[in-house]
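What follows are several structures.
Presented sequentially are two complexes of chain A, the first with chain B as partner and the second with chain C.
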Partner chain A sequence: MRDFIIHEPDNIGGACSLLLEFGTQARIIAGGTDLLVDLKQHNIEISHLVSLAKIGGLKSITTIGDEIRIGALVSLNEVAESLTVKKRLRALCKAAASMASKQIRNQGTIGGNIASAVPSADLPPALLAAGAHVIITSGESERKVPMSNFFYGPRKTVLAVGEILTQVVIPSIGKKTAIIYKKFKLRGANALAVASVATRITVAGNLIKEGRIVLGAVAPVPMIAELASEMLAGQIPSHNLFFRVAEAAAAEAKPISDIRGSREYRKELIQVLTKQSLDEAFKRATGGGD
Partner chain B sequence: MGDRSIKLIVNGYSYNVSVPAETTLLEVLREELQLTGTKFGCDTGECGACTVLIDGRPFRSCMTLAVEVEGKRITTIEGLANGGELHPVQKKFVELQAIQCGFCSPGMILTAVAFLGENPKPTRQEVRRAISGNICRCTGYQKIVEAVIAASKINGGGRK
Partner chain C sequence: MTGEELLVVGKPLRRVDALDKVTGQGIYTGDLKFPDMLHAKVKRSEHAHARILRIETSEAESLPGVIRIFTSKDVPGENNVGVIVPDQPVFAEDTVRHYGDAVAMVVAESEDLVRKAVDLIKVDYDVMPGVFDPEEAMLPNSPLVHPDGKYGNEGNVLSKMGYEKGDVEKGFRDADIIVEEEYRPGYQEHAFIETERCIATSDGRNVTVYGSLQCPFYVRDAVAGALGIPRARIRIIQTAIGGAFGGKEDVPSELCARAALAAYILRRPVRKIRSREDSIVMHTKRHPMIIRHRLGATREGELVAARVEIISDQGAYCSVGKYVQKRAMVHACGAYDIPNSKVDTSFVYTNNILTGAFRGFGGPQVAVASELQMDELARRLGMDPLKLRLKNIVEKGGITAKGQNLDNCGKGLRECIEKAANVSQWDEKRDAYEKFNEKMKHSSTGTLNIRKGIGMSSIMYGVALGGPTPDSATSTCQITEDGSVIITTGGTEMGQGAKTVLSQIAAEAVGVPLHYVTILDADTSIVQNSGPSVASRITPVIGEATRRGAKEAVSEISNLACKLLGVNRVRSVIAPDGTPFSVPADAMVKKADIDKFPDKVDYHELVRSCYGEAKLLLGVGFCSTPTLLENGEYRDYYTYSFACHIAEVEVDMDTGRVMVKKLTCANDVGKAINPQTVEGQIEGGAVQGMGYGLMEELVTLNGRILNPSLVDYHIPTSLDAPQITPLIIEEHDSFGPYGAKGIGEPSLIPTPAAVLNAVGHAIGLAVRKTPASPENVWRAIRDHR
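Coming up: the complex of A and B.
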């Protein structure tokens, strides 16, 4: 790693001013599990790190009514094990538990997983399916950005210089609704997603009221498969419907070929994972399953 | 860009070191404190050879900047034995030959110790999951799992 200065401000305002002062020469460090790899491999060369570790208020999971607020510095293991999250959005706990290793999960944060904007990141799909938003602060003002508008491209987000992601807000999920996250990886542990799908279904009577299908690792950003999602609204649930929706999701995916899998293979995976997640989500939304 | 003075608490002892900000905890342990039991493997968070306990929980020391753990309680493999008496997990690794070259052992043992602290009576499947972030390239995992299970049956298998 090239040499840098590390700043450890104890309040958000201080962190934002440091980020503004040093501009492109500065980076935020949370758990460091993404950043240190980039620094060691010289993918990023900067001379200032702004650590969030000493800032209070970013490390807790709280609820306001049915809404859950997760501080940016909450670790992946804390997300995986949180009873509050488990009760309302179990898919997020499962996604967090599927990541990396125990050691990395103790260190990596939810904020870092979102802000690093890696296409295969595990938490964004479930968060998008849940309709979550993030709170971003510049020190002076705060803004609220839906997760669906947060990403621009691989490692590109709406975060401007001097801004910090402080909270992830998950709205009330509502009754008769289930969200399921499915990830395909090459090993049981320490493996990134080759493809992933988060599916949300709300049922009303005998019909599906609405659905949303989010795809991970198969496009420059985690993407909502809009056409496939629309096919669910107002329909009678059936094996055939879910099969066609899964085919549509695979058609919408825009994967690349890389070391973990080819473009064609990823499209196949999306079809299989979408079908599986629809089946499970439907079962859960109607009160069956776990 | 100038060194930073930091105070680290390792295995109950307090050390003052002066290192550049980009120094990892792994580098400080091995090169400043000469605690070479913690191994330098992949240096990118993948293998687990550099695992140490920070406030009792396992972390990758290669992915941790030393300045970020100032004041926290760090345990390395050198800090597990109690006087001359090996920790039960260490004893069982030796007895059941869960060590060949030994490169993965410090990280594996510390991971197991932290795990037994959380789950003192694990099943084999739970042990497998617990050590899944630590790669062993020669013993194979069977004997390691057996050693952790055997340690869990000794009173104090969870002591750190």
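Coming up: the complex of A and C.
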């Protein structure tokens, strides 16, 4: 690993100016679980790390009404175990709990998991399904970006030099709505998603009012399966419908073949996971619990 | 037998190194620091097969802190570290034959510097076509890995080995049913926690190497050869080892030869620690095999003939391949009585990663074929696989498929099968799971599409190094003035519990509590060459040498006790406070009553008296296995240990994912010197075997390993490990100490096949390659539809 200087500013403004000052020679470090590996393997060569550790206000989970605000430095285990999150968006807790190992979940952060923009990341699909947005600050001004507009490629996001992701905001999920996250991995722990699906369903009477299906690890960015999602609106739920929606989701997925799975197997997984998540989400949305 | 009760052996005593390990006190190579220590790293080949035109090192050398860059030109002795065949260079000379070849080595003041300097070395290559498939490698116009055939190779075929017993053609003519299938067990990576590492020091004349070494004497041979200096000037010292599994058998030879070369020339300590990527790309793997297996039986299920052809990918160098080949050949037909059998094996050079020693040594691969064949045969005969096995297993007094008369072992297998079947409730579950699966097939609920299966695998395992030469070992025992005991052997503790087991054997033979015994770490200038720590031979062979050495060391003490007590034979009793006493051998006294028993002598007094009378309390134990027979023939292996593992699985038919729910593992160990470490071996072996059967997949493309990390090469985690029930079976062996045989490898060998057979039972068709990963199982199910 190349030598670097670590900066520990105690306010966001300071962090943003450091990032501006050092430009491509600097990176933000939160938990460091992705970054340190990249540094050690020489995938990234930089001279400055800007730590967020000493900045207040990034480590809490708060609620405003039914809206949840999660600070960027909240650890994956804190997300997994938070009663506040569990009550409103259990799928996010499950996604966090499915990641890596206990040690890494204690170290890794929600902000890092999003901002690293790894295609197989576990939290973004559930957040996209929930309609979450992130707060980005440049020190002087803040902007609000929907999760669905945040990513634009593997390891590429809308974050500009000098900007920091500070919060994740999850809106009120609403009644008669359920969100389910399903992940397929190759062993019980310490495994990345081969494919993942987050599904959201809202029911009204006997009908599905609307639905959203988000796919992970099968495209350069977590993607909303638009066609499959639209097929749910206003429909009477049935195995047949869910099966066709699952097929449509698989058709929309754009996976690559790599060492974790072939393209065709990933498409198959998307179909299976979509169907399973639809079954579960419908059951839960209609009060069946899980 | 109250008079012959064992004092220390057979008890589940805490491992002698447990506290050191759990408190972090154990000294591993990575903990050692020397003043002025340098660091070293190799420049690996950038091609699978290429001629080296030029190695440009000037830029790397100009970095401040880079001391020197070594290449093949700097090797003063023989440029070879091959343990059987001299085909493996310390540094590649004019040709690289796989991606793991070392072209050069940087020695510098820091680890960061060596990495930087390695990147600055530029090598010009003339890239040659490579060969990556062993069957293609056997074709006449295939690129040649070692073109001149100087290693006894014909073309790319390193070695052919085979045998025929009886009349196989006639056997198949007499068969009512013939099962013929092809199996493809794959690679396996050792994935030890601690990667390969060593530190070499030298004054320019003598060389000392500290390292994580399974076989220090192999390393001494390699260093002596590469430096061209006598073995007596080389000292190899083993440190604590963070796992080996065969992957530190001959592998450290190249690493240590390179470090020793640098230290010898530079006269400064040189440390070499492999990164995980270097480790996976450079060290040997389990041999992948293509096994074509033809099995003939009568309508009643009696085996009459077997024909097995094995082609294995040896990679670029022989390593211990020929020994793996022999073991694969002997065990190819499984643990069955088959009157007519023919086996042919070809181990073939390719430009892939070299293959070599891995716990089981060819055993797990051939068991995958022979045990899946048994289940296939059972299915076609409509027979229960358990009954088919019991009908055909080779037992004491019988002849193995290879032709060895089992005159000294063979009762353990039936006991293993029956016990495992009984404990796992084989009959009930086999039936229940079939009913469950039938019901699931017709169920259309939206729930998980699960099938359940239970499968078994039963094996025999030739203990220790095979014939024709007997396996032998030496060990010494000294009894010091205070009665404590020092044992030296060349056997190494690599996590398996060798120190504990050898301590128990020595303590038992001397007649003292466990804590009296200290086993020295292997140091080639102090201990004897007891042979390699491989082949599940430490307990039976080195253990027997240790027992004999300890008996000899204590003989003067026993003689004195006999004299004082006026008897011909004495035995030891350890009082409740831990004091050892000698009593007449036939004395009916229990440990608790020893205080009141008059005819006893304190062991410590005896030791003091012996020293006072100038008696020698030193024993040299030597033993060699009963491999040679009186008629001039030899046993393939002097004895066998047996095992039967039963696996229960659930398979998700939609994704192909297999969950192993339970493993019931019966292993015949002759005598469990320490039942707790035996259970530990069984559990560890079963999980590693399960990993091989289900999830471990080395992905290669034209000789390049695409997943050289533990993120992408999946070994099981604790969440993947099922409930394991170890069952210890003890068929007393007449050679091993207290009747013991080996357990290190037979703990793993049956598991992959048992898991695959359980998958076969669950989904109704066989998965004939490893791993039965979700995608592979999914494909098998889909292709069958």
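To be clear about the criterion, the second predicted complex is superposed on the first by the 290 of 290 C-alpha atoms of A that agree within 3 Å, B and C clash if a C-alpha of one lies under 4 Å from a C-alpha of the other, contacts with A are read in each partner's own complex, and residues count from 1 in each chain.
Just so it is clear, contacts are C-beta pairs under 8 Å (C-beta built on N, C-alpha and C of every residue); 3 or more make two chains touch, one makes a residue touch a chain.
In this text, all values refer to a predicted model and were calculated from it rather than measured experimentally.
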item	value
Touched partner set for A:239, first chain B, second chain C, both or neither	second
Touched partner set for A:260, first chain B, second chain C, both or neither	second
Contacts of A:156 with chain B and chain C, given as first, second, both or neither	neither
Touched partner set for A:1, first chain B, second chain C, both or neither	both
Partner chain in contact with A:53 - chain B first, chain C second, else both or neither	first
Touched partner set for A:103, first chain B, second chain C, both or neither	first
Contacts of A:272 with chain B and chain C, given as first, second, both or neither	second
Touched partner set for A:188, first chain B, second chain C, both or neither	both
Intersection of the chain A residues that touch chain B with those that touch chain C	1-2, 188-190
Residue ranges of chain A in contact with chain C within the complex	1-2, 42, 184, 186-192, 239, 242, 259-262, 265, 268-269, 272, 275-276, 279
Chain A partner contacts - residues on chain C that touch it in the complex	112, 115, 446, 448, 654-655, 657, 695, 699, 706-707, 711-712, 714, 716-720, 773-775, 778-779
Touch list for chain A against partner chain B, complex	1-6, 8, 29, 32-33, 36-37, 39-41, 47, 49, 51, 53, 100-104, 106-107, 188-190
Interfacial residue positions of chain B with respect to chain A in the complex	1-2, 4, 20-22, 24, 43-46, 48, 51, 54, 57-60, 62-65, 67-68, 111, 115, 129-130, 132-134
